[in-house]
Amino acid sequence: MSAAVTATYTADEMMAVAASRRLTDDNVCFVGIGLPSLAANLARHTHAPGCVLIYESGTIGAKPVELPLSIGDGELAETADAVVSVPEIFSYWLQSGRIDVGFLGAAQIDRHGNLNSTVIGPYEAPAVRLPGGGGAPEIALGVEHVFVLLRHSPRAFVEQLDFTTSLGDNLRVVITDLGLLERRDGELALVAVHPGVEVGDVLAATGWDLLVADDLGETEPPTDAELDALRALRTKGGG
Amino acid sequence: MSAAVTATYTADEMMAVAASRRLTDDNVCFVGIGLPSLAANLARHTHAPGCVLIYESGTIGAKPVELPLSIGDGELAETADAVVSVPEIFSYWLQSGRIDVGFLGAAQIDRHGNLNSTVIGPYEAPAVRLPGGGGAPEIALGVEHVFVLLRHSPRAFVEQLDFTTSLGDNLRVVITDLGLLERRDGELALVAVHPGVEVGDVLAATGWDLLVADDLGETEPPTDAELDALRALRTKGGG
Amino acid sequence: MATIAPLCDAVAEHVRDGDVVALEGFTHLIPHAAGHELIRQERRDLTLVRMTPDIVYDQLIGMGCAQKLVFSWGGNPGVGSLHRFRDAVEHGWPAPLELEEHSHAGMAAAYAAGAANLPFGVLRGYRGGDLPSRTRVERVTCPFTGEELAAVPAHRPDVGIIHAQQADRRGNVQLWGITGVQKEAVLASKRAIATVEEMVDELEPRPGCLVLPGWVLDAVCLAPHGAHPSYAHGYYERDNGFYVAWDEISRDRDTFLAWMRRHVVETADVESYRASLAEAVPA
Amino acid sequence: MATIAPLCDAVAEHVRDGDVVALEGFTHLIPHAAGHELIRQERRDLTLVRMTPDIVYDQLIGMGCAQKLVFSWGGNPGVGSLHRFRDAVEHGWPAPLELEEHSHAGMAAAYAAGAANLPFGVLRGYRGGDLPSRTRVERVTCPFTGEELAAVPAHRPDVGIIHAQQADRRGNVQLWGITGVQKEAVLASKRAIATVEEMVDELEPRPGCLVLPGWVLDAVCLAPHGAHPSYAHGYYERDNGFYVAWDEISRDRDTFLAWMRRHVVETADVESYRASLAEAVPA
């Protein structure tokens, strides 16, 4: 179903590359572990060496050589310009509006870009208790540009969230394993598909009638340079 | 008039010694520059080696060998257990109630132990503009025991303050160059005179009808050990 | 003033059934040894506070020590779910778990307010969404601008517990690397315990170090490797394999209980805990 | 992103007449060189913010740069009065000086609120006495406990100016020793300038160091001895003799003006300022 089947790169790699391309050299980026960390560090190692990475553990300007496995790896502290307390990261740095990009993931997203990372089912008696919001609710409203990384499936892209953890107001793009979604007239629309992905694949993997942009494009496949940098990072662990 | 005239020690030395005697080994003490710093360090070098000194510049557990000339001397940072920011000193350390003793000075004091360090004359058109409250207003209410160090004179011990900068609620003792004042039924009363000082000297130097405690005592003169420690500190500068 | 004491004595003296207890650590320096001692001493009805409850809280919950969890993110970092936490919330096993759920920013503000002896913390947060209706948050209005902001009640745990790299003989404690919210957790708490990797004669100041004077702590306990499977910057690495393994160990109730019995309940301290792990996984 | 620039250019570009300017430093690292540049460029109608205005603020006030002072303690530490400050308040010379007076705790809370992008700071303070009726303070009620606390409006200066020991080529700035309220002053301000003792290729992390990334600063300026007569930990000592001498220099208006002309107005930078002092006091 996803591009990974046919291509010489995986769907996760396509996601990471597509996400990294959204970062510019002067971004200050609030990064979570996993794909966001992979994407942000890929950007640092390719077109955006000046991009500042901030992890909620308090590391400002971290430049990990090896990808961190956890938000608080020692590597992050050792390579950071500054390490501050967790209360300070959320008050002086995030709340102050000094961070312009934030990556978020979620278990569910709706057509307005609102996110659920709290529960599946009713809050009082959930079918699945998820980890919870963590930094997401304030990141979602505290940065100018929210990038969401989320694999496409009808269980994730739902008509109705079971719980609204974070608001989609500042969401700029949703990067999935199938394509890219952006807001059109306040509602998420498919604006690009990854190479080898049919629009039908995306519609089938979305739990609501997904708008498709008139100017639908196709994502540039990862370049060799991007894949080399990406795989060099991954072999160093994590991602 | 003051003890300094006849004794082999100065009135300031008597004040510093009398103040140092009020500190115990388990006190955590908020210290200002000048006599309070001299008194607190004297205590550390004599009967209260464990007394913790905190300066508002952010130095916690400072152990200056040389007396600091300013609240922020490098010596304080170098000898401190920890150096924190000024906002943290006032929030996490003073406001939290973790400091039990605070020394204050002032330009004026009234019979209730309220202090003025703001203006002489009306606020809008003062005859003398004083430096202002600094840390005093919150120290006065934030520590359990306020010790005031103030030289006796009718200009300082007044019937009516020109401005109330800090409240006397937690004032435990006023140490002057003539004697000691403590609260009796809510009003300051003379409880001890320094050696060679007559009660009449104190009354003449006080701008209100000063109560004299029935159990009026006389301050023990400085011991040789106290004077030696004190002068060793002073020769190292400041105080 | 801190007494240098064995961990078992410190827990026995300072942590009581029904206490509100915060074992803090932001992926680094997580006080696992202290958590294990709470389990060995069978503390009950604890309200557990932590921004990022992970394996040690999963263990405390699964062993029935907790009646309430105050938190903002409860997962196995980089791995997935906390199965014991989920089982308690989803199925009430071994007991129902009451939740007071915040965002990280809210938890951080609540700790900072507690450390500053303020009854509430103010932040720009809890705007919209369903979380505000599920947690303790109110609105306050700025008396100067009229702006509305969120207020969270200060955290004032009965006991704050952290793990640090070093302590000196006077009980002054030093940690460095990622120091998270540990200062606030200690200063916000009525009583505080620190476990440390090492006792030294003199603390040598280091870049980024955080020093907590002995007089703000009640007990300092030597517990080398007391953060395992978390890490201690400058001492040992994070045991990432254990975090992955925990997913299997904790998935099934009986497997979990057997593991806890063998490696925690029936061990006396960090040393025997680690010895039991070494036996279990022969090199 | 910080540009590395000459101090005169940075002041010309970032500080305008009528601005609210905070030159911070708690006895250590006081940005005297930057203050002198404000005087040379004849900035007017400034609102000067600082917890502990001392000599450099006395100079700015006496030279007519300030129309308002927001402060908590204005004196010559260890010496006595600031005569120019007093003359302005007591006699309106060279111009009347409006005062917004706080306590240290209030100023610190106002800076911290500004740095956190909150409109107000909360503290236990301003209880009783005459200060509350003379400053900007309101009461807020805790929505959880009903307790009343003080609220101060956040400081949001147009320009924050600090002096630090070192900067690297990317404009990252590092200070150590007593770091006071400098981080808050920079982060609370719309624009920020740092003067430094030294430019280095790589900042070497040190115990107790505070690093401000270049991207939170607008300009970084090399100004060796730029804190004189204050000190720079690790570089030079506090010039206590100058603080004592200032009492005499500043007592009389004409003596003050003559001194300022010779040593500040007619000098170009820190180097020539120091040279002029050396001439004045031949060894």
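In this document, chain identifiers A, B, C and D correspond to the written order of the chains, with residue numbering beginning at 1 in each.
One rule holds for everything that comes next: contacts are C-beta pairs under 8 Å (C-beta built on N, C-alpha and C of every residue); 3 or more make two chains touch, one makes a residue touch a chain.
Because the structure is predicted, anything quoted here is derived from the model rather than measured.
Chains that count as touching both subunit A and subunit D, per the definition above, are C.
Taking B-D and B-C together, the pair of chains sharing more C-beta contacts is B-D. Once the centre of each chain is set as its mean CA position, subunit A and subunit B turn out to be 59 Å apart. Chain centres here are Cα averages; for subunit A and subunit C they lie 28 Å apart. One finds 42 Å separating the Cα centroids of subunit B and subunit C. Residue positions of subunit B touching 2 or more other chains: 91, 95. Taken residue by residue, subunit C touches two or more other chains at 117-118, 123-124, 183-184, 208, whereas all remaining positions touch fewer.
If you draw each protein chain as a dot and join the dots that touch, the picture is not a line, a loop, a star, or fully joined; it has some other shape. Under the contact rule defined at the top, the touching pairs of chains are A-C, A-D, B-C, B-D, C-D. Those residues of subunit B whose C-beta lies close enough to touch subunit C in the complex are 26, 28, 52, 60-61, 81-82, 91-92, 95-98. Interface of subunit A with subunit C (complex): residues 33-34, 56-59, 69-74, 76-77, 83, 85-87, 89-91, 94-95, 114, 118, 123, 125-138, 141-142, 163-167, 238. Contacts from subunit C toward subunit D in the complex involve residues 117-120, 122-124, 136, 138-140, 142-145, 147, 149, 151, 153, 205-209.
By the touch criterion given at the top, residues 26-28, 51-52, 71-75, 77-78, 81-82, 85-86, 89-90, 101, 103-105, 108-109, 111-112, 123-131, 134, 177-181, 183-184, 208, 231, 233, 237-238, 240 of subunit C touch subunit A in their complex.
Considering their complex, residues 1, 115-118, 172, 183-184, 187, 210-213, 215-216 of subunit D touch subunit A.
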